[in-house]
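Below: a set of structures, written as structure tokens.
Two complexes are shown next, each including chain A; its partner changes from chain B in the first to chain C in the second.
Moving on to the complex of A and B:
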């Protein structure tokens, strides 16, 4: 059940009505049942797997907290962490490693035929595994208390808005909210609905429209000219952003109507002036997780190496974050490229400070934004391509600009769709600009007269219905 | 809470009215190859793949018979309508439950009862569709005309080479020049010779074929047919699916239905691309079916 489907709309409406009809203390039970149902709509067979992860982490984390013996405490923590890492590796990386090993053996003249896992990957595995590991580490380090209510804990892992693609919620944020009785709050609910509507708009009007152009270029890179490739690659950035941030808006909006605040996963990433800032604004929950649980302990361990210790910690952390996306060389290269970018940025800090002082702040700012954006664009081309060779061939094709190509895009069969793609990207950027002005950017219209405001709402629905592309329903990050 | 729902309904209303107006005004021309099959009504049905979709004129087939009419050609393509779960439930939803004396022609195309290990993505055209009656069919339009505004751009346009008739028969007009038709036939044969070896008769699809027969028998008479195609194509099919007729005859025996294999007479007909009957042959073949129905 995709978050942008009619099925989800009905599901959400029913859960919403029942939720506020039930007595306050019973509401979380309904959310848990709804979350289990939501998970089952993807694949019932993996319910056992997620149940195993929930039960083991629940009991072992309590054991870890209760244990006075430090070594036992650590043992329970390791059991939680490694059992979940093992599940993640088996389902996500086993086939990749086995196939890579087979390729290696074949290159040495040896032929083997090992068994591969053919049952697919459990939905949301990477997200809930990280949440479980984060929770057990928080308890181990006394950052938060172990949850004693199995139902609430299960809801913390399974809560349906964030189950497929996050945000990866930290226990300190979500668990206390799940214990509170959430009352019906008209303003909260309407604000949640607006966020869902904005997320749907981003997904069906922007991401799925741009994906048609992006797929055209990436499905056969050699058959496209330079201008097509350039436009396709720029569209790729906005497609991934609109897709993933659209999903996040729907998730956060859904949680909000039930009275919960999920953490913000995106914060206008394209205004970032450097990569460090960019990764604090893009997929915030994932990079906060890596920062907290991987980078911080590593940089502390490597402190004797001074600045090279930091570089090493960056490389390990960011490469792992690349691998988190999936098994394949392109994800490793994606991680390595980002590590390289961040490391160079770190090592050049004194030079950048000097530069900032020596040139106009405005020029420095916009040059920095330009460089950061285009470095990310380059990384994303690698991310989207089937392999690194294909990514390079797309980039090489940029130079093949032919003036006759202009006609293909502006006057070809997809003329209206192409113009709409630009219009919607500008709307997206316009909203981002507005967001910079005010935190409550989806409420800017509240001061408008009723008639105007209601016309805006109706117009948004009209645009989604008439201009939304409903064919590709899967979200990019649902595969991770 | 009621206030919120009332407001949402109020905001949705203009878009809903606009959709209804657009649907009513712009869904009369050529929508796609399948729209008239989804929206058309029929007490008797033609079931099968593109060979049946393009090769059987329902009005001609049922003419003069006592079976409940009208007849609708509800055949699609090997990709969209193999004998599987999706097609079975589509037929079930399409069927008029009050019909007891219908005639149901089930076309047997080897690829409709075969599986290819590599191809695991079934068509969603029929399996996701809920509503199979009425024009405009908003569900179908919503699912298949994407984005929705493109329905207005079509402006009830017609496609001179493809005429979906109201009885579901898809009339394809391609040059009947024998050289061009032969070239298309050779191209189709080459494709089939490459793909056919990877297909095997599927027990799963055979089971769904049997379920379909069983369902339709409750509403009238069922006959199974194999539509002719260019001889080299039929030879390639027979070479790959040697047990096809045996399997079908066994099913017919157990369900007490009849099977008519027209492929031995393939040289009697002409084809637009080797795989589909041409305009003249469609009429000839439909008349043949009509004679068969009247005499049985």
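Moving on to the complex of A and C:
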């Protein structure tokens, strides 16, 4: 059940009505039942797997907290961490490792035919295993208390708005909220609905429209002109952003309706002036997780190496974050490229400080934004391509612009779609700018007269229905 | 405490490249421009060298200000 489906709309409406009809203390139980049902709509057989992760992490984390013996504390922590890492590796990476090993043996003249896992990947696996590992580490380091209510803990892992693609919630944020009775709050509910609507708009009007142009380039990298390649690659950045941040808006909006605040996963990433800032603004919950649980302990362990220890910690952390996205050489290269960018940026800090002081602040700012954006664009081309060679051939094709292509965009059959895509990207960026000016950017219309306000609502529904690209496309990050 | 602050001051000035930093127990990372997660690790390594001690990750992860650091140093050297 995708968040942008009619099925989800019905499901959400029913859960919403029942939730506020139930007495306050019983509401979380309904959310838990709804979350289990939601998970089962994807693949019921993996329920056993997620139940195993929930039960084992719940009991072992309590044991870890209660144990006075430091070595036992550590043992219970290791059991939670490594059991979840093992599950992740088996379901997500096993086939990649085996196929890579087979390729290696074939190159050495040996032919083997090992068994591959053909049962697919459990939905949300990368997100919930990380949440469980983060929770057990928080308890181990006394950042959080171990949760004693199995039902609430299960809801913390299974809560349906964030189950498929996050945000990866830290225990200190969500667990205390799940213990509180949430009462009906008209403003919260309407604000949640508006955020969901904005998320739907991003997904169906922007991401799915841009994907037509992006797919044209990436599905046949050899048979397109330079302008098509440039348009496809620029649209790729906004497609991935609109898709994933659209999903996040729907998730955060849904949680808000029920009275919960999920963390913000995106914060205007395209105004970032350097890569460090970019990764604090893009997929915030994932990179915060890697920063807390991988980078910090690693950089501490490598501290005797001084700045080279930091570079090493960056390389390991960011390469792992690339591999988190999937099994494949392109994800490793994606991680390595970002590691390289961040390391160079770190090592060049004195030079950058000198530059900032020696040129106009405005020029420095916009040059920095331009470089950061285009470095990320390059990484994303690698991410989207089948392999690194294909990514380079797409970039090389930028120089093959011909006049027929320009005509195709301006006068061809696709011109309306092309213009609409541009208009919607500008609306997206305009809303982002507005968001920076005010937190209530989705509430501007509240000051309008009643009739005008409903005209705005109707116009938004009309735009989504009329201009939305309604195809059965899943969210980009649902596959991770 | 005064002695520890006296020994910490040149380390802070060197690592964060600012000779005007006035070291007090209340001084925190947010008060110093270059005090990031990256420079913090180098700072910790320099403190270990200066006092000939070894921190555990658990020791430093909850540090809120110089006062907290001083308490740990005192515990380690006593």
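Just so we're on the same page, the second predicted complex is superposed on the first by the 479 of 480 C-alpha atoms of A that agree within 3 Å, B and C clash if a C-alpha of one lies under 4 Å from a C-alpha of the other, contacts with A are read in each partner's own complex, and residues count from 1 in each chain.
As a convention for this text, a contact is a pair of C-beta atoms (placed from the backbone, for glycine too) under 8 Å apart; a residue touches a chain by one contact, two chains touch by 3 or more.
Everything numeric here is computed off the predicted structure, so don't read it as measured data.
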| item | value |
| --- | --- |
| Chain C versus chain B on the shared chain A, clash or fit after superposition | fit |
| Touched partner set for A:297, first chain B, second chain C, both or neither | second |
| Chain B versus chain C as contact partner of A:309, first or second or both or neither | second |
| Touching partner for A:416 - first (chain B), second (chain C), both, neither | first |
| Arrangement angle, chain B at one end, chain C at the other, chain A at the vertex (C-alpha, nearest 10°) | 170 |
| Partner chain in contact with A:105 - chain B first, chain C second, else both or neither | neither |
| Chain B versus chain C as contact partner of A:189, first or second or both or neither | first |
| Closest Cα approach, chain C to chain B, once both complexes are overlaid on chain A (Å) | 44 |
| Set of chain A residues, in rising order, touched by both chain B and chain C | none |
| Residues of chain B touching chain A in the complex | 1, 3-4, 8, 10-15, 18-19, 142-143, 146-149, 153 |
| Chain A to chain C touching residues, read off their complex | 141-142, 291, 295-297, 299-304, 306-307, 309-310, 346 |
| List of chain C residues in touch with chain A within their complex | 37-38, 41-42, 44-45, 48, 57-58, 60-62 |
| Chain A residues touching chain B - in the complex, by the definition given at the top | 17, 20, 184, 186, 189-190, 193, 209, 416, 454, 457-458, 461-462, 465-471 |
